[in-house]
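Please see the structure below; I have some questions.
Letters A, B, C and D mark the chains in the order given here, with residues in each chain numbered from 1 onward.
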């Protein structure tokens, strides 16, 4: 099953700056061969369900290993059976409907 | 790895009432042996990472099979390595700090 | 406009335990006269849009004043025009459809 | 209070394609003078708390007026008092820490 995910990982107990943990996460997702797009409040991910969630689990494992005792993550997750749709398709579909 | 999850599954393209899909989801989570607690905007789940995400994947598969062409789901997901904490512990911990 | 909200406030930069901040939040929401229900990964809130978001803003202000330099919050938020629905109605509607 | 928000609005009961509603939302946010960035699973928004939430409320009102009887929205929302940080700063901060 193909999924489009939006992932936001928040390490807790490591102070106010968490960018190094998020950067590590990006590299894990890329190493898993996933299509990703970083934005200001998360990362879009496109791929097969099991590949995506195995990679997210690895993000948690590695961030704990880096010293974060607690992680709270939020995920949006979409699947559809009516048609194929990529991350770019989703953005293009909205942009095409904005009246200029 | 143990996780506490908050899950909210939203079937799209099936009209305004989605409770029968959410009820189906509850039964899938229970059948997986997970500890769950339904609230007004989602379901708390406690269990092992793989058991939880296999069950959530099954929710998507079954809801699609029930006729929903599209599903958008949101998940909050917490892991910690500093100590064991159950769903009840989390609620109790807050309640103990409310000044009456 | 009436809303049902699910709120999860995460103070950052204050260590691993955040329950005293969440407890403070509960008291702010109650003091605003809102109907609330605490669960293991957030708080259900029912009320008028402006009352709810004024209270959530106050939660951020007070938690910063308590010493948290950064807060990341997640909100689910539902409105409907087809009919009145309370938090209890939502839970009952799902429970009525679970086959026992 | 300045906020960075990630907004995902999901109209329900209007079929499977919701891009025209999201496009309408984009225009409301822009008309409010907010800095926004559309991605594949939501929209980043930067602005003053009240301006942002007044615009989000207007999105709900307008989408209901367009015929959607029900809307479920998810929001991530960050505030900080330790320093100024823009949406670009957040992305740059992560990218600077990715080892190439």
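Convention: a residue touches a chain if its C-beta (ideal position, glycine included) is under 8 Å from a C-beta of that chain, and two chains touch if they have at least 3 such contacts.
What you see is a predicted model; the values in this text were computed from it and never measured.
Placing every chain at the mean of its C-alpha atoms, the farthest one from chain A is found to be C.
Spacing of chain B relative to chain C, judged by their CA centroids, is 17 angstrom. Separation between the centroids of chain B and chain D, computed from CA atoms only, is 25 Å. Centre-to-centre separation of chain C and chain D, using mean CA positions: 19 Å. Of all residues in chain C, those touching 2 or more other chains are 13, 16, 69-70, 72, 74, 76, 78, 80, 82, listed in ascending order.
Arrangement of the chains shown, judged by which pairs touch: all-to-all, with no pair of chains left without contact. Residues of chain A that touch chain D in their complex: 4-6, 8, 16-17, 19-20, 22-23, 26-27, 37-42, 44, 46, 74, 76, 78, 80, 82, 87-88, 90-91, 93-99.
Taken together, the chain B residues at the contact with chain A in this complex read 1, 13, 49-50, 53, 57, 60-61, 64, 69-82.
Those residues of chain C whose C-beta lies close enough to touch chain A in the complex are 10, 12-13, 15-16, 18, 69-70, 72, 74.
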